[in-house]
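Got a structure here, written out as structure tokens. Questions coming.
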Amino acid sequence: MNFLSLFVLIPLLMLLGLWLAKGVKAVRGVMVVGSSLLLVLAVYLTVDFIAQRAGGNTAEMLYQASFTWFEPLNISYRVGVDGISVSMLLLSAVIVFTGTFVSWKLSPNLKDYFLWFTLLSMGVFGFFISIDMFMMFMFYEIALIPMYLLIGVWGTGHKEYSAMKLTLMLMGGSAFLMLGIFGIFYDAGGNTMNILDIANHTGGASPIEFGRQCIWFPLTFVGFGVLGALFPFHTWSPDGHASAPTAVSMLHAGVLMKLGGYGCFRIAIFLLPEAANELNWIFLILTGISVVYGAMSACVQTDLKYINAYSSVSHCGLVLFGILMLTTTSTTGAVLQMLSHGLMTALFFALIGMIYGRTHTRDVTLMKGLMQIMPFLGVCFVLAGLANLGLPGLSGFVAEMSIFVGSFQNADTFHRVLTIMSTCSIVVAAVYILRMVGRMLYGVCTDEHHLHLTDATWEERLAVICLIVCIAGIGCFPSWISNLISDSVAPIIESVKQVGPIVSSCNPFM
Amino acid sequence: MNSESIVFIVLAVLIALFSVLSVTTKRIIRAATYLLFVLFGTAGLYFLMGYTFLGAVQIMVYAGGIVVLYIFAIMLTGKTGDAKQHSLSLAKKGAALVAALVGAGLLMFVIISHQFVSKSLSAEVTNEAAAPIGEIGSSLLSAGEGGNLLPFEAVSVLLLACIIGGLIIARKR
Amino acid sequence: MNITIDYFLILSAFMLGAGMYGFFTRRNTLAILISIELILNAADINFAAFNRLCQTGIEGYVFTLFSIAISAAETAIAIAVMINIYRMLKNNYVDELDTLKW
Amino acid sequence: MTYTLFIILLPLISFLVLGIAGKWFSHKTAGWIGTLALAGVTALSYYAAYEYFFVIGRGADGAFAPLEVMNFCWLPFFDQGLHFDMGIMLDPISVMMLIVISTVSFMVHIYSFGYMKGEKGFQRYFAFLSLFTMSMLGLVVATNIFQMYLFWELVGVSSYLLIGFYYTSPAAIAASKKAFIVTRFADLFFLIGILIYGFYTGSFAFVFDTPEHIANYAQAGFILPLALTLMFIGGAGKSAMFPLHIWLPDAMEGPTPVSALIHAATMVVAGVFQVARLFPLWVTYAQDWMPIIVWVGVFTAFYAAAVACAQTDIKRVLAFSTISQIAFMMVALGVCTEMQTGHEHVGSVGYMASMFHLFTHAMFKACLFLGAGCIIHAVHSNEMNAMGGLRKYMPLTHITFLISCLAISGIPFFSGFSSKDEIITACMAYSPAVGYIMTGIAAMTAFYMFRLYYGIFWGTENKELHAAHHPHETKVMTWPLIILSLITVGVGIYTTLAGFGMFEGYSFGSFISADGQDYRIHFDTSVALTSTIVAIVAIGVATWIFKGERQPIADKLYATFPRLHRWAHKRFYMDEVWQFVTHRIIFACVSKPIAWFDRHVVDGFFNFLAWGTHATSNGIKTLQSGRVQQYALVYLIGTIVLILMLLIF
């Protein structure tokens, strides 16, 4: 029994436990035990992974295990992790853990809610441990479907519309993705679905012809990019997040959107290196637009969740941007940004949820002076805001700097201009964050309904503090995680860079 | 022009006429009655071919059973007739007519243009005991070469299912 | 005039046409069922005729029997359904049976 | 000298303790934690300075060499061997900054006991002060440009938090937001400059003289000056150079001790410090670009002085005077044309002058701000017309304020004299035009400072208000004033004497100069005389106009040039211009259309797709009518067609 499989097994057991659980207490008990176990497991995995790497284990993926599942298409249940997936697993475990506490008092149907929630997290964990394309796709779909119900049933506002929109757009993306995956599979000889084999041309996989790569690259990149809020396909995000219940927003923005970035890197870039070199300029432009455009849009929103959703568009744009820049530093920065954005958006959504749960409005213009009434939430909100605008000492800074420094290593005007354009987002981020904080928290509270609101309860404090500690931890001591990630990123970027001098011969801007 | 031919022509005209009447009459009870005549005509054809048992079955099951069922159903559903038939637009009716005619015409054209190798209807054909009942019975219940046990059993299960289904569906709640 | 198989087939084709016409134009479900009986009978005639005039075996004969049995069963069920529908809707017109549509 | 690490750690610990557990402490405990931490920092800083200058001393070449106490890789980058280091580097200017920051910060901590007494959020205040001190100290000891940027951002944030300390006041919220966003905007250029610099030189470190660096610099061509200029824009934002100065006057909404610490003495000189830090590069590779610094500085100095003459809010006068004085430092750096500091070598005097002015300005400006704080505390208003005649009520404040005013005006035997004199000498050497302009601005400085002085302590007394508030002084608040003014006077006397050739080898220039060599300060008599006379004349004019109970001349002047006065009072409408740019252009013409575009075009496209799908399926659903007869008919037609096709083909 491979110990990575525990990441899928524990949620399965949790599902069973939830199904059997009677009463709210039992449900919460199962969730707390399960999510704590997952967190412990993720921490253990991280420590052990670092120890193994330090001990000289240089295998591309550690803890590999394989078991054939469907012979005719060579689909296997095949797991393994490298530094990128380890950090993503850690992130997911933290978010699931805190998400449990954030949804502590959700009603109605807490049990059903947690069932879907756990299923969603199972999909996420499964996605990050798989190294078989098909398994990855399957877990991806497992993670998407519960979203529809979670938003549609437990959401607020135009929840049916949002749930439908989100699901349809993501499904549209996964249709592209499936085409791309099968394209890669057959063009690589149709003998293996194993990502490592396809990338290294081992295990019966043959190199994919350049012309074909150029077909599959946009398909897979857009497929995952939809989830990663790539520019014209990001509109599910504001509506979806605005309608989703708190913990779902957290999990969605915190982890699910990372599936996009991770997938883009693991499949689109890793398996199709020539096409990545050739076509990345198109997507660079799109992500560059995302970065600035999301930030600019956030400036004029008044709904808290819309502000954060657009800021997510901007930050996730930066993730894809970093990946497409194809240097070790920028890609490492992109993964760091995934982590950092995951944590801080989760924190943001958690706080927005808590505030909304008290004031029953998310309109910043209707709130004022909340800092005096709920100091704890207020302070945490300011911290989350500062993390969002990239304050040093919090995780955002580390990630953004890595991305910018890395992107700047591409020594041509096209990449330079885009990099400088995207750096502008940090100023715009300051504008919308401070505007929001200033309107909502500062000043004197004039709404008498708000005067008697209570500050955070213990479970809310626990969730929030947990996230803040993680954010500050990465922000203050970034080198271990940065090394962990770059260790796995570097060989991949090396191999992408090696494939040849075909650098965007079709780019009109170069 | 032997007598068999004459009988065939009479029967054919009968069947054709009542078929048309059956689908064009406005009153449904008449339609059922015309159907009865068609069924009798069909039974006549079987007799003409020397399939006496088949003709008997046709009369018993169809004329005796099914048509009675129809008539009861018609009476049970109260409003007889197809009063709203006329509300069906002429165009639709025309389309149906054209389609039916073209379909039937096409079929006839195929039949005529195809050279079938067949015997012709004669006294010998009519009088010959073509298929003895014993042979049919053993064929129905034998599982070997030329046996039809499987379809027989299938039909029996089907009939059983129909009995049960009919009971359940028609049961008053 | 020799009555060969062709005559039978043409007769049955005519019955089929009549049945189809009825099937298309009738609104009363019972009337539609009657049209179906016509079509089935046309098929039965073909079975018997082919068996008698073109073959030596008894397969066509047996299958005519089966066909009769099946149409009896079908009629029984269909009529049960229709009576049920009638109980619910107080009429029997196909174009008003749209509760489960869309 | 690893103990220097505690210079940064102590305030950090104090910040964390106060920030996390502050609400469980009493005001007194919290204040003591912060102040003791700062006392420790001050002691360590002085000891470090002593050890650096006197124990370690000069290297073999007679210069103070930079000393890297510690340096470790904080965040590795993986291309080109770049890495983001954290560490502590001591060299003359960073040691001087340590002393300035810790002294002023310590004074401000003591002062705050009195000033902030009984305020809600007392603990929070001290936590933020600690955070600020930590970041500022981290900034000055940075070993590389990226570490500087990191702490640069942190000081920005602590400034934001402290300006917005009174978060219930709308003006404070707006001011804090403005300060942060404007400096952040400038930091963007700083960041781009760092990126360019890092790429072309392969390192972020403040080590400029290794062979490979020199080779890289030579290769970079015009890129290096470009990068330096971009970084200068960042520095200009922090140091409130025109046109990025708009945040500083508004920042006066924060508590006054904060204005003294952050917006007068330490943070706002970060830009000057940054230019000084990169100075070897400027001089060697970007000589042609340095006029940018000079002219930005000259214009800012003039502009701020002109505006200061018309302000009535005493903190704003001080704020504009700060802007003007920082511009002096910038100009001094800009006019410095070489590194070598031979005896009486005027080409390099600017560097020393700038740092010197930074030092003296920090002391007397902190004293001025703290004095202003006492006054505001006493009369509960920032406006000059609420004051007048306060010398009777607040004698100590009066004396210290006067000393500082004399210092800033450049009167001999006060600290400002020597440093300002050096600056003007340097300007004269660079170009007489600049020299004369700066002399004129120095005169304006004397004028508006004494206008302020007379407005507060002499002039028309607002008797009703004074009767209501009983203006008085608090002991804990006057001590820092006395210490700072003593420093001002002491340094003034010492350096003035040094300027006449005494204390050879122990003058300011001996310790801090462009190349670390012993630089002997000598007054250029003509410059010193001119500027002293000009200052005295300006003070005389101010006395003539503003000292009396009534001020007929001032009123007449206002009546004669109403437009000029209004424009100056409104700061030449620079804020309005920025307001227009941000709100009318960026918000209304960029953000709003983008948001609209997103909701209606991008989102609309997907909604259109959904609508299209829905409409299409609605359209074709009639084919699935649910009518068996229709299906059969279609089926039949299909069959017929198929058969026909079979027959025909």
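Think of it as A, B, C and D in the order they're written, each chain with its own count starting at 1.
Note that a contact is a pair of C-beta atoms (placed from the backbone, for glycine too) under 8 Å apart; a residue touches a chain by one contact, two chains touch by 3 or more.
A quick note: this is a predicted structure, and the numbers were derived from the prediction, not measured.
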| item | value |
| --- | --- |
| Pair exhibiting more inter-chain C-beta contacts, A-D or B-D | A-D |
| Averaged-CA centre spacing for the pair subunit D and subunit A, given as whole angstrom | 37 |
| Separation of mean Cα positions, subunit B and subunit A [Å, integer] | 69 |
| Distance between the centres, which are taken as Cα means, of subunit C and subunit A, whole angstrom | 63 |
| Between subunit D and subunit B, distance of the C-alpha-averaged centres to the nearest whole Å | 103 |
| Junction residues of subunit D, two or more chains touched | 633, 636 |
| Subunit A: positions in contact with at least two other chains | none |
| Sequence positions of subunit B contacting 2 or more other chains | 95-96, 99-100, 103 |
| Category of the chain touch graph - line, ring, star, complete, other | other |
| Subunit D-touching residues of subunit A, taken from the complex the two chains share | 165, 168-169, 232, 234-236, 239, 293, 296-297, 299-301, 327-329, 332, 369, 371-372, 386, 389-393, 397-398, 401-402, 404-406, 408-409, 411, 419-420, 423-424, 426-427, 430-431, 434-435, 438, 441-444, 478-479, 482-483, 486, 489-490 |
| In the complex with subunit A, residue positions of subunit D that touch it | 73-80, 82, 84, 146, 150-151, 153-154, 157, 160, 164, 167-168, 170, 173-174, 176-177, 180-181, 184-185, 188, 191-192, 195-196, 198-199, 587, 590-592, 594-595, 598, 602-603, 605-606, 610 |
| For the subunit D and subunit C complex, residues of the former touching the latter | 621, 625-629, 632-633, 636 |
| Residues of subunit C that touch subunit D when the two form their complex | 20, 23-26, 32, 94-95, 97-98, 100-102 |
| Residues on subunit B engaged by subunit D in the complex (per definition of touch) | 95-96, 99-100, 102-103, 106, 110 |
